[in-house]
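Chains here go by letter, A, B, C and D, matching the order in which they are written, and residues are numbered from 1 within each.
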Amino acid sequence: MNAPAPMPVIAAALELRAVRKSFGVTEIIRGVDLAITKGERHAVIGPNGAGKSTLFNLISGRFGVSTGAILLNGGDLAGLKPFEINRKGLARSFQITNIFANLSVFENIRCAVLYPLGYKYSFWKALSTLKDANLRADEILELIGLKKRRDVKAGLLTYAEQRALEIGITIAGGAEVILLDEPTAGMSRSESDQAVELIRKVTVGKTLVMVEHDMSVVFSLADRISVLVYGEVIATDVPEKIRGNAAVQEAYLGTSLAEGAH
Amino acid sequence: MFKQTFGALAAGAILGLAASAASAQTVKIGYIDPLSGPFANVGEAGLKQFQFVIDDINARNLTGGPKLEIVPLDNKGTPQESLNQLKVAIDRGMRFVTQGNGSGAALAISDAVAKHNERNPGQSVLYLNYAAVDPDLTNSKCNFWHFRFDVNADMKMEALTTYLAKDQGIKKVYLIHQNYAFGQQNSRIAKELLARKRPDIQIVGDDLHPIGQVKDFSPYVAKMKAANADIVITGNWGNDMSLLIKAAKDANYNGAFYTYYAGGLGTPTAMGEAAAGKVKQITEWHANIAPNKTEKFANEFEKKYKLDFYYLRVNTMMYMLADAIKKEKSAEPLKVAFALEGMKFASDTGEVEMRASDHQIINPMYISTIVKAANKGDKPQAGGDKSVKYDQEDTGLGFKTDARIEAYVVSQPTSCQMKRPPKS
Amino acid sequence: MEFFLISLLNGVSYGLLLFMLSSGLTLIFSMMGVLNFAHASFYMLGAYFAYQISVKFGFWPALLMAPLVVGVLGALVERFMLRRVHKFGHVPELLLTFGLAYLIEEFVHLIWGRSSLDYKVPTEMDGPLFTLYTTTFPMYRGFMMLVAVLMLLAIFLVLTRTRIGLVIQASLTHPDTVEALGHNVPRVFMLVFGGGCALAGLAGVIGGNAFVTEPGMAAAVGSIVFVVAVVGGMGSLAGAFVASLLIGVIQTFAVAMDYSFVTLLKSAGFVITPDTFLYSLWKLTIAQTAPILPYLFLVLILIFRPRGLMGTREG
Amino acid sequence: MAQGAQKIVFRPLNLARCIIWSGFALLLLVLPLFFNKGFALTLMCQIGTIMIFSLSFNMLLGQSGMLSLGHAVYSGLGAYFAIHMLNLIGKGWLFPVSLLPLVGGLAGALFGVLFGYVTTKKSGTPFAMITLGIGELVFAMSLMFPEFFGGEGGVSSNRIAGEPLFGFITFGPQIQVYYLVAVWLFICTAAMYAFTHTPLGRIANAVRDNPERVEFIGYETQRVRYLVLIISGFFAGIAGGLGAINFEIVSSENVSAIRSGTVLLFTFIGGVPFFFGPMIGAVIFGFFIVVLATITKAWLLYLGLFFVMMVMYCPGGIATLIMMQFPIVKAGRFREIFPSYCLAVAAGLTLLAALVFAVEMIYHLSLEAAAGTTKAFFGYDVEVASATPWLGVALLSGIGAVLFVAARRGISTHWDRIMGDIIRSQTA
């Protein structure tokens, strides 16, 4: 099902050119070049402290790059604030669940759809009359399987339900490029399988960039994998090639890949 | 500032309780002043002075019939709260109200009383002001239903500058006031009168500082010394007064301070020895004037309430009110008001007149300096000035008369055009 | 020249005074993130206890015992009130101290009555320390400056050189890990809050007779104390020290500057007459605004440098 | 800060809602029949203006998580503009007095635009401290410029100005002012409630819960806070305008830090997490400041104690206390827990009685010692100096403590059992 997709010739949805980032003296990202084509599902793996989350924060505008450039559909994101980048069609989720605890599940999703649907800062329209927003939110609820928890306060959901809501909020805005930061972290085997199906379902036709530790999730979802070690991408290739790549094995997996890291 | 959150907060009255009908034989007077919050001590002292003089009036039946009664209404020191209390007083059928602390509250009450009387002719109310000295109350904002029994700020400055003009030793005068309407007005009138009476006197400083914000007055004193001012004139009161005097003593500035409120409640205690020989005040009475007809009254008051007697003008006011009620044989505010207009009364410090044109009392004033008194509390102390028998607040410091200024010198022309109701 | 020197001296001494008043708040505010609106009330309690003790035992025993009593009171408040509210977040903590502030004021009204107390500077320190040209510098003010500097040293040494200090600093940002290392963090916070209140009490003992000891003294000091703590920067003692000196000196020199737009424009040839629009704004001199300059600093600092002069975090 | 029960949803939505709103309108109409005394009317007008002011304050704190320590700046400046406009109407400007609060509202919004740009750059504690700073600056300035702020006496005016409304309403008598306040209260409450159901209102809640995440769903949090502050300034200005009409005077007290502290305190007592919380707070304000302030000099102490108890034991305020009972009532099990509540109330009252006796006697001893040592207590004199009353106080507090412990245990057991059943029934 995930046969290695040939490299399409159209412009990259997301491109990083010689990106470097240092906090004070220590350099975290030491020159990353990455090109992710439209519709591709790309996974970024690497040992703890390799700089994966920092990379996500650079792309989503939480931190500014020290040097180099990040392009979204060809447009440079330099100096843009997170909400400006989001409006250009890039949405991200968080490793630590980051939802609106005192609002209901339905309202969490609806908040994410309001800006893209053009309601922006309006204080003259009543939420109950916004047919498209309510419909869209119910669709997403159906998609992430939280229909029966519609009016429960988000803070009262179970951990897995909150992770699903996290993904729901990320995709609700209809962004073309989706960044997922360890979506299945802390989940049981059955819950993470459910999450993988969910991610597959919601990212149809979209560009996905995912940070993940669970190798089974990575190999069942990713079209291509980049391996980040100490702030540098040591390999970017289709899953089989990565599995066999000596440098990756030695630098990251330690044991030979054959036994698999279940 | 948060701490007074409720010290200076809104209304106080029984919600909807039936108002006790104004029984024929007692005349209730609403006392609208702060009884809780930061100025509570001043409000409470005033209430006790009213209580004491009213007991005396009722005992000697000076009204020729109806008894007087003072009803405390806590306005927490704010204009808005004073209006609430005024409505409570009107609800309870009171036809007389009195107030004194704060020109803001006074202006609010005076305006509200005029509007109330205009909108309900039958139930007019009379406002007797015993301490708010803003000149507007008897000039641009005067009205028939307001009587002031305290000499206003401009007239005090008139008396003060007349006295200063005689002292040729004074060449440089420094002014310092709190930066609000009263302070600005006082500074203006001081410059105007000094320029007229002594053009040679140079105003070497004219400071205005926000009320209650200055913790350290040493920079101002440094300016006084740099300008080597002979004397300082200030209308400050409360902490702004005490801290200024302490700073002057610390920096060894020896010029005299001419003030209005050096004798105010708590100020002598706060200033302490720093004030001795330096701080002067202008008031209608103090404990060591000679002859002192109020001496017995003041001693009895101090024995009962362990508080210095201060407001002679409250006695004068209540005795004049009793006279008016006796003369008119009625406690109807309209009649009493007309009786008070132009009334001449023999007060303890000589004849006073309630001027008809603007309802402003004209009475003699005393300029006095605070010095080491003959005794501290009731025990004699060494090195005290023998002629100063009574001290202030048991601090061992008492006021000594510098000069008495006759009533006619104090009076100033008024710009008040008052609309008078029909006499009947 | 004399005026400049005296103003500088006054400015520095007022700055040190401000630091003495706000050092306790800075400790609590930066160490526990608690916005203690009752700080000025503990300062008032310090003054009242000192008065009560000094009447019987004299000033020096009061200087020792009053801060201890206030410190114990502060520890009790943390133990039985603040700790309970801690889990509800910062706003309820702030509101608790807010309510506490005028509970203390009413308590003072109840016990010591409403008017000011005759709490005097001890006679042995009542004279001048030295005279500079013709102006004398009071000995008591020198004593105040000394105590302020000692306070700075004491807090600095405790926080950086002692074990308890390191535990305090660590438990501010990572309470759980410090607790995991076996330290009783709740007791540490109790110590910090108690210590802060003791410092406020000490400031009260000394400030009480310099200023006026009366129920309204807390309100007079209430907001300026916050300005110093915030302008100095959250989490930084040195910042608070520098901020209080800066505010002290600038405010003292501002008082001497009688310049306003009117004088400015006059020197440039324009004459502003009293009936021009907004005349009272133009004639406002720097001297008249001096006492409220600190609030202007507060607003400017928070906009352009919310960390404060030397703060480490945004609070 | 808000925690507690599951999201409460009324079924069916619009029926319950219109009952509440029409009930509210009816209440406003009928109230003057019970309280028609001069002062009582003024007080109700004051409570009405404070309700609008508290609701506008809670729009910041409760809805958007912004704690403003200087909110009186907007209502005060609104009041100043309104009263100056009233004076202009007196001089012949054609403008209906009934729309005067609008002038206050626009002024409030204007200063919201001016100060908001500066304050909303920051959030959390820095925001609170900036509003504190601005509040102090505006108050100090209000005393320095007598032309606009009218000096210490403030600016006064006469509300009988311009053409009477519909020919006969001149707003002279207090009853007409009451109905003007009632109408504006209803409109503003409805408007502010509707605001919570608009995109901006809901996103403001999102900013309250998680400002960082809002940045990633396309909204600029500072802009959201800025717009909410302007709207809140508008409603605060309306409250200021109504206050100007009711009192016919506006002085520097209207922009004082005391005012800002008051609204914070009573909104918190009323209940920040719920929309109608501040309205309860305003009514309690009326009770404490009015009824209690005349009975005893120590009302400030009682208010302080009451507030500290609220912060410690019920930070959600009275509204949360009420709404917590909702699931139990819905589950029909209120009868079980009711006796424990009565026990708790009884314990509270005895402790309160003991406290009141003690405080009044101490107050009498310290402040009115001069007027003898007997104190009138609801009709009979108590000899304060002797020991018997103090023994009575000790006894009372002992009984109260015992009752309190019993009630506390009763409530917690019942509460856990009922809530346990409810949660189980839901998740089954």
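As a working rule, contacts are C-beta pairs under 8 Å (C-beta built on N, C-alpha and C of every residue); 3 or more make two chains touch, one makes a residue touch a chain.
What you see is a predicted model, and the numbers here were worked out from it, not measured in a lab.
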{"item": "Shared interface partners, meaning chains that touch subunit A and subunit C", "value": "D"}
{"item": "Touch-network distance, subunit A to subunit B, counted in steps", "value": "2"}
{"item": "Averaged-CA centre spacing for the pair subunit C and subunit B, given as whole angstrom", "value": "35"}
{"item": "Averaged-CA centre spacing for the pair subunit D and subunit A, given as whole angstrom", "value": "45"}
{"item": "Rounded Å distance between subunit C and subunit D, as computed from the means of their C-alpha atoms", "value": "31"}
{"item": "For subunit C, residues that touch 2 or more chains besides their own", "value": "98, 102, 105, 113-114, 223, 288, 291-292"}
{"item": "Residue numbers of subunit B (touch at least two other chains)", "value": "1-2, 4-7, 44, 179, 208, 210, 213"}
{"item": "Residue list for subunit D, restricted to those that touch at least two other chains", "value": "136, 140, 144, 146, 257, 261, 265, 300, 367"}
{"item": "Which chain pairs touch, all of them", "value": "A-D, B-C, B-D, C-D"}
{"item": "Touch list for subunit B against partner subunit C, complex", "value": "1-7, 38, 40-41, 44, 179, 207-210, 212-216, 218-220, 222-223, 225-226, 239, 242-243, 246, 250-252, 265-266, 269-270, 272, 395"}
{"item": "In the complex with subunit B, residue positions of subunit C that touch it", "value": "2-3, 6-7, 10-11, 13-14, 17, 37, 40-41, 98, 101-102, 105, 109, 113-118, 120, 128, 131, 134-138, 140-141, 210-212, 214-216, 218-224, 251-253, 255-256, 287-288, 290-292"}
{"item": "Subunit D residues touching subunit C - in the complex, by the definition given at the top", "value": "1, 61, 67, 118, 121-122, 124-126, 128-130, 132-134, 136-137, 140, 144-147, 257, 261, 264-265, 268, 298, 300-301, 304-305, 307-308, 311-312, 315, 359, 362-363, 366-367"}
{"item": "Complex interface listing, subunit D residues touching subunit A", "value": "2, 6-7, 9, 194-195, 197-203, 205-206, 208-210, 212-220, 223-224, 227, 231"}
{"item": "Subunit A residues within the subunit D interface of the complex", "value": "60, 81-83, 86-87, 91-92, 94, 98-104, 107, 110-112, 114-116, 119-128, 130, 151-153, 156, 169, 172-173"}
